[in-house]
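Okay, handing you the structure first.
Going in written order, the chains are labelled A, B, C, D and E, and every chain counts its residues from 1.
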Amino acid sequence: MRNFTSLLFAGGLGFFLLVLAADLPVGAAPMVAGEGILGQGPEAVGAANLVTAVVLAYRGIDTLGELSILFAAAAGVGLILSGMRRRADQRPDPEGGFILLAAADLLFPLLVIVGLYIVLHGHLTPGGGFQGGVILAAAFFLPLLGRPGDSLNHAVVNWVEGLAGGAFVLIGLWALAVKGDFLAPMLGKGALGSLFSAGTLPLLYIAVGLKVGAEIAGLMSTLQETEAAEP
Amino acid sequence: MNFVVLAVALPLLAGFLTPALGRSSRALAQWLGWGTLAVCIGVLWVAWARLDGGTVAIAIGGFRPPLGIVFYLDAVALLFGLAVPLMALLLWPREGTPQQFALTLVLTASATGLALSGDIFNLYVFYELTAAASFGLIAGRGTGAAQGAALRYLLLSAAGSVLLLAGITIVYLRTGTLNLAHLATLAPERLQDPVGLAAFALMLIGLGVKGELFPVNGWVPEVYGSVSGRLAGLLAGLVSKLAVLVVVRILVLIFPQPEAAQLMLVLGMLGIVAGELAAWRARDLRRQFAFSSIGQLGIVFVAFSVPGEAGIVAGLAVALHHLLVKPALFLLAERWGGSIEGLRGAGRGHWLASGLFILFALSLVGLPPLPGFWAKLLTVMGLMGLGTGLAWLGALTVMAATVVEAAYLFRTLSVLLAREAGYTSPGPHRGLDLVTASLAGLVLVGSVFALHPLGDGLKAMAAQAADVQGYIRTVLGDRAVARRGQREDRISEAHPASRGSDRPMGRADRAYGWPAGSPTRGARS
Amino acid sequence: MTLLDGLWLASALTALAAGLFGRSPSAGPWLTALYGVQFLLVAFMGPLAYGADPVPASPAFSVLGYGLSWQFTALSWFFAVITAGAALAAAWFMSGAWGRHYAEQGGDLRLLQLALALNPSTMYVLLASRDFLSLFVGWELVSWASFVLMLAAGGVGVRWALRYLVYAIGGAMAVMAAMVLSHALTGSFEFGALAAVVPDLSAGTLWSLVILLSGGFGVKMGLLPFHLWQAGAYAETPGPGSAFLGAISSRMGLYAMLLTLFGVLGLGTLKALSIPWTPLEAHELLAWIAAFTIVLPTFTALKQNDARWLLAWHGIGQGGYMLMGVAMGDALASAGGLMHVFNHATYQAALFMAVTAVVYRTGTADLNKLGGLVTRMPLTFLVLLVGIIGLAGLPPMNGFVSKWLIYRALIDDGQPLLFVAAVVGTLGTIVSVYKLLHNIFLGQLRVEHESVREVPGSMLAPMLALSLIVFVTGLAPGLVLDWLTTVQRELGLAVLAPTLGGVERPDGGLDMLWVVGILFAGFGVGALIFLAGGRARTVHQLDNYAGGHFLTAEVRYHYSDNFYAGLMHRIGPWYRGSFQWLQDSVVAATDLLAQAAAGVYRVVQPAAWLLGVTVLALWWVAA
Amino acid sequence: MTLPPLEIVLYTGAVSLLIIGLAGLVMGDNLVRLVLALAVAEAGVNLLLVLSGFRQGAFAPILLEGRVPGPMVDPIPQALVLTAIVIGVGVQALALALVLRVRRAYGTVEMRTLRARLHEDLDAAAGLPPETSRNAPAVERPA
Amino acid sequence: MMALIVELVLMPAVAFVVGLAMLLMMRKIAAKIQRRVGPPFFQPLYDVVKFFGKQTQISHGLIHDVGIIVAVGGYIAAETLIPVPGMTGIADRTDVITLIYFLMVPSLGMALAAGQCANPNASIGISRALTAMLAYDIPFVIVIFGMSWMYGTTNLVQMVEYQQAHGWGLFQAPLLAFAGLFALQGMLGKQPFEIYVAPAEIATGPMVEMGGKYLGSLIVMQSFSLYTAGILYTTLFLGGGVTWIDFLVKAFLVVAIPMTIAFQFPRYRAEQMLGSLWKWPVLAGLLGLAVVMWS
């Protein structure tokens, strides 16, 4: 009976949302604010990738909020699972097969390079700190899959995480001190399209990339260790 | 005035560093936390002093709205903003781990952000941040029950935020902008129809999860029943009010149509009935206060649903009163945990705690000189002033709720003060909690003597909050105000556009986008 | 620094002193002195009762833009005199041996003294209210003060105090609704503003105002549908507390009703306002409620087996007389109603004190465990006798005067059924008060009460003083009636022209001097006849005619249980306790609703509610 | 406005994802299934958010070699969706951690038993005897 | 003023004499109905003298004496309020409502006296007496209301003048007269409604402990009650008395009717008494009221 009513209600909601969607200007975005950014984004921020301009410049504090959500999640998970780590005497899971170990060792450098590339070219090509950070996290997490025994050094993860987050905020505060506006783009704009362009955006994205990488790696390793410790 | 952003940035910075520092020494992390909160209080206090009655819009990163994000500072925002670090300091987790300190700092930053921000999506981000931090804090080093409650709360809150995001998407699809002031100018033309109302409904329910709105507050008894008194006070007292403040901002600025307010009124009334009756049945102190907070917040929603300034005055009064009383009650509940029947004679030994409990109960029920009475009076006057059948029903519900509330609060009190001895309080003697509770009591009694200035201050604050034109003028400058006026006339009187051709939608509007980088101070109105 | 400020200060000082030194019984006399000071201050405001202009209170606030000010008028002075007198008597009663006795038995004397001191001070604030806001502030304060006094009993008293609280807060909310409704109509809380706008109000609004006000204040007065709390609350409060509450506390409802219904809306409006499809007008509705309030509680009192409960139920019944007098509204009736407030205060306080004295000596108020105390406690018997004659409204005492005024007015207005109801009430009272007198003082003295002695002086003095007042105001009611003329003029009611003995009328007036004179002359002649028969020998109680059977002390032949067996056979089935059932069904309904509300929070998947409400909201939006 | 089939598919897809997610959340009993349903719902909404910036025949908002390739898509929703996705990740990570914790604490992953045991725990923590149904009616029948 | 004092003394004397005559008539009627000769002319006087002459007078305490005095005094005071030809001074100063209450004072006095005797029979008797009072007072009050509404005054003297002018109350409100008679039956406490002095059941109830001058005083009280009832009824319904002769004839006639009825009936139980007194007289009274008020 409960399922039937839930299905009924879900169907009703779907019907209403579709009716709403039909009424919305689908495919023809009103572009009121978007046009403004497309228009004077490149000269104002100097970033080729306008999405990065929005993410880091126009809506910088959103990104800061987002970073702190990830941080809160990492801290939360750490807090929740603090008592559930595997004890020394428990035997770890068996090691991954040969293919997994070899692939992990082989892929590690590649993933790191790709991750760093995406982080560094955030303001030029699609992608940026978050996407690159995740790839870096995957890079560090892959070996753990192979050898569940050893685990990430959480102290390092915490420090990297803290420093990267701190850097992000400090750059913002530096902008506040100098230009009077928190997270305002600094260091000029440089040549559009070149690596060293769009002022502090790349620096911010590097900080974001490191932070996201460290956090997600830490998250995954904590989950993995806890799961490993399941009786 | 741009330094106000520090109130959000600094706690985050401290939060990021706390786990790392905490590894070396816990005391350092603790002092870092307290220091940051003190700085935030200082920042906000200076901002309030500088503001002295005016309103200021701070463009983050120098990007003028509607492109960039703006922080809007008016009396209400700063009042709640100031309350956040103050209460976080008072309700700091006891013997917490560095992660808990970090999460509390993040919670403080996001709550301050909720109070100040003037951009819809930014509000969503801070709302989610508050949620994430509170999940961590609730589950923290709590018992199995706390973790179970946190999981159920997480699922409900995440579902709520899905709806909230859907609502924001609809608003963005219809208006193309996210800045509240810009939305306020476009709303009369684009969000008046049922689709706009549907967006509001989704947003109300999304934000209602944390604001303990009727159907979506299933988590309240479970979470407040299993969490430490301090955190329960923080969540119930502060965070729920901020969610309501966001709903009110959206209601006042973007959805002035009456149906929106009616929806809120109906859900608020149901919340009152469900909350008070469930509290009447509750058999343990902590959950009784949880249900009572649902009832009280129902009254807050009902009060804010009254259109215009009267509604905001009433809502603010009830909200501030609840913000003062509920955390203190939760702290007292922690001292006397356990089922009410088991508490016979518990209050006899500690006369300060029982005295405070009596004072808060009297204020909640509305003994005249106490502020609780004036808040309830304002709410009922606001509702009766409307004259519609629904408003009368609302007033009736608020009054019936008072009767039920008096019944169960004083039933509990009579058990507490029963003459049988032989009650040994389980928890260790928490001196600091009593200090916080008596601080709240002092403020309550103090406000009795300062009723006149408080009343006028509240009225001025409400007038400022209800003044949509003022909001737009501060954020977007004067031309926009004219444009909203012209749009509203065109819609209401539906006479042909009198002057100037209306620019086709979508073309970049030169007037807004000043070339970035030129340092422009926030326009001081 | 007007007299009113002095009164407020004195009462506040008394409360403070009671709070600080209340615990030690020796503080009693000092507190009584303070109450005496309060009484003097009220007495100094005497000119108010003879038409002087109102005495304002200096503190005046304005909160949220609405003014809040206080003043004493003739109406408030009349009630203030009764309050001060009752408080003085109660404190005097408590100051001596009773206080020590209460403390020895584990009672919290400090709480009782403080609660007693709080009550008159909050009542002076209520009596001085000048607009809706100050009225409501005073009203809530009085409700809470009497709640504190009821709590002083502890144990069973607390349960009744909580029941009272729910009723009181319900009533207060009705008053708040009326207050806010009047604010919605006039934009301010002033009485004058509402009075100005009353003529052009629609019948519906007027009816809602009348119902809300009379309902809200009716709860405190113990009018019929809301009377279930009063008996228990007043009976279970410790001795002097119940005397004070019984005397004046529920009359504050009548004061507030007079101030708002008659002072602001005016009797003309009430008379013009008719109940649709019936010939009754609003004031007749009030009269009928009063009629039922007279009859039903009185006959419930008849069945009580506890002296305090019997008196408390009679308190409710007598409240009906006051409302009926005031509701009829013409000169005689309103004077009768108002005077009944004074009369009832005096003899109800005396009766409660007498019963407390009996409890002080014998330890119980159960009518089936007492008997024959007249030989041991003659003065208390005399006080109780005078009290019940007053309560029953028989000639020599003041109760007769106010009832006579009400009857005479009912005959003038031609209200036969109301008249019969009032008389049935009086007869019921006579029947039940005799049971009280007989079961306690007459009949066989119990073995364990052989050693009972008269109560000490500190308790006797206030009782005798009150009985004296009952007799004196019975002999010369003109003293009180003069005060009432100013009150009537102030409320816009028809004004009575009283003489010292009562009221002079061509077609059958009342002159109490003559009536009492004739009565005592009759007694004199009766005594002559009686004494003609020579000296009589007083025999021991057991030397009694028992059909040849010798009575011994152990045999308990005192007839007290089911005292009116014959009457009960006839009217027994009429007691269905329908109001009790009504109240319990309301409580059960709330309990059911609460169970449903709790069910909402025990749902397996909270998100289900989220989905449900979203769909309903969207459907509502689409509709 | 005549919509080519692509937009209809995208929008109905996003909405149906949202509906499936919410339905799964409401109907599901296994905790992991609920978290997955939540992920699906969030994916649906994120898709909806991205589509709100979509313009027909427009290019990605990237300036290749400093030149504007033509009419560009609205960049803001893409930035927003980036944040929304990260929020989703954070919340799901917390959810999974909590599921692990609940399984350790209550030994179950069923929502039904979790609720029952949670409420028992809450009652026990509050020192209440387990709720038993009433033997007599709340109100005694009138005599 | 002196005239009033004279009235105050003279009226009881007249009442005593007429009362004894009525007692004699009552016992004569009883005898005639039971086909026997009946007592000699001065028998009631002899009884009174005998009771007052007794040596052993048993008292149960002060309240016992005070109660008897209040009972007798109450009736004395009551009957001075009723106008008799030639002596209407006192009656002019008071009204019928005071009279109703004055009639209740004796029952309270009797109750006090009987209560003090500490005899269960007395207490049961008193509880029945008060129930009886409750029973007959309701129709009686309806009658009083009806008549004072009809005459427009509650002053008995003005009622008599009204009846002299407009004819007897009996003809103008016959139903009320009937109800009044029925109530009178209950008031006199004779046969159908004398449960509270039932000799067999509760040993004459309140009078169980009374002897000597107490019983004598009660006999005097009974004579006064007969006299008061008689002249009250005549004042209300039979236009009062212009001269003493027709006033006494009417009074004796009025008392004779209930007496004759009384000795035909057995004794009702308490609840039957309540039932009968609350059914027919109240119904008749209300109908009479309706007729009076709407005509």
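Note that contacts are C-beta pairs under 8 Å (C-beta built on N, C-alpha and C of every residue); 3 or more make two chains touch, one makes a residue touch a chain.
Keep in mind it's a predicted model, so treat the numbers as computed, not measured.
The chains in contact with chain B as well as with chain C are A, D.
Shared contact partners of chain B and chain E, listed by label, are C.
Distance from the centre of chain B peaks at E, each centre being the average of the chain's Cα atoms.
A centroid comparison over C-alpha atoms places A as the chain most distant from chain C. Looking at C-D and A-D, the interface holding more C-beta pairs in contact is that of A-D.
Spacing of chain D relative to chain E, judged by their CA centroids, is 92 angstrom.
Taking the mean of the C-alpha atoms as each chain's centre, chain A and chain B sit 29 Å apart.
Centres computed as Cα averages put chain B at a distance of 23 Å from chain D. Per-chain CA centroids place chain C at a distance of 36 Å from chain E. In chain D, the residues touching two or more other chains are 18, 22, 25-26, 52, 74, 76-77, 80, 83, 87, 90-91, 94, 97-98, 101, 111, 115, 119.
Annotation for chain A: residues 2, 6, 9-10, 13, 16-17, 24-26, 29, 31, 33-34, 37-38, 58-59, 62, 65-66, 69, 72-73, 76, 80 touch two or more other chains.
Residues of chain C found to touch two or more other chains are 591, 604, 607-608, 611-612, 614, 618, 622. Pairwise, the chains that touch each other are A-B, A-C, A-D, B-C, B-D, C-D, C-E. Those residues of chain B that touch chain A in the shared complex are 2-3, 5-6, 8-9, 12-13, 15-21, 23, 59-63, 66-69, 97, 99-100, 102-103, 106, 109-110, 113, 119, 121-122, 125-126, 128-129, 132-133, 135-136, 139-141, 147, 166, 170, 173-179, 182, 186, 195, 198, 505-509, 512-513, 515-517, 519, 521. Residues 121, 125, 128, 131-132, 135-136, 139, 143-145, 147-152, 154-155, 158-159, 161-162, 165-166, 168-169, 172-173, 176, 178, 221-222, 225-226, 283-287, 337-339, 342 of chain B touch chain D in their complex. Every residue of chain C that touches chain D in the complex is listed here, in rising order: 576-578, 580-581, 584-585, 587-588, 591, 602, 604-605, 607-608, 611. Those residues of chain E that touch chain C in the complex are listed here as 8-9, 12, 51-52, 54-61, 63, 65, 68-78, 80-81, 90, 93-98, 101-102, 104-105, 108, 111-112, 115-121, 123-124, 126-128, 130-131, 133-134, 137-138, 141-142, 145-146, 148-149, 152-155, 158, 195, 203, 208-209, 212-214, 216-217, 220, 269-271, 273-275, 286, 289, 293.
By the touch rule above, chain D contacts chain A in their complex via residues 1, 3, 7, 11-12, 15-16, 18-19, 22-23, 26-27, 51-56, 60-66, 72-80, 82-83, 86-87, 89-91, 93-94, 96-98, 100-101, 104.
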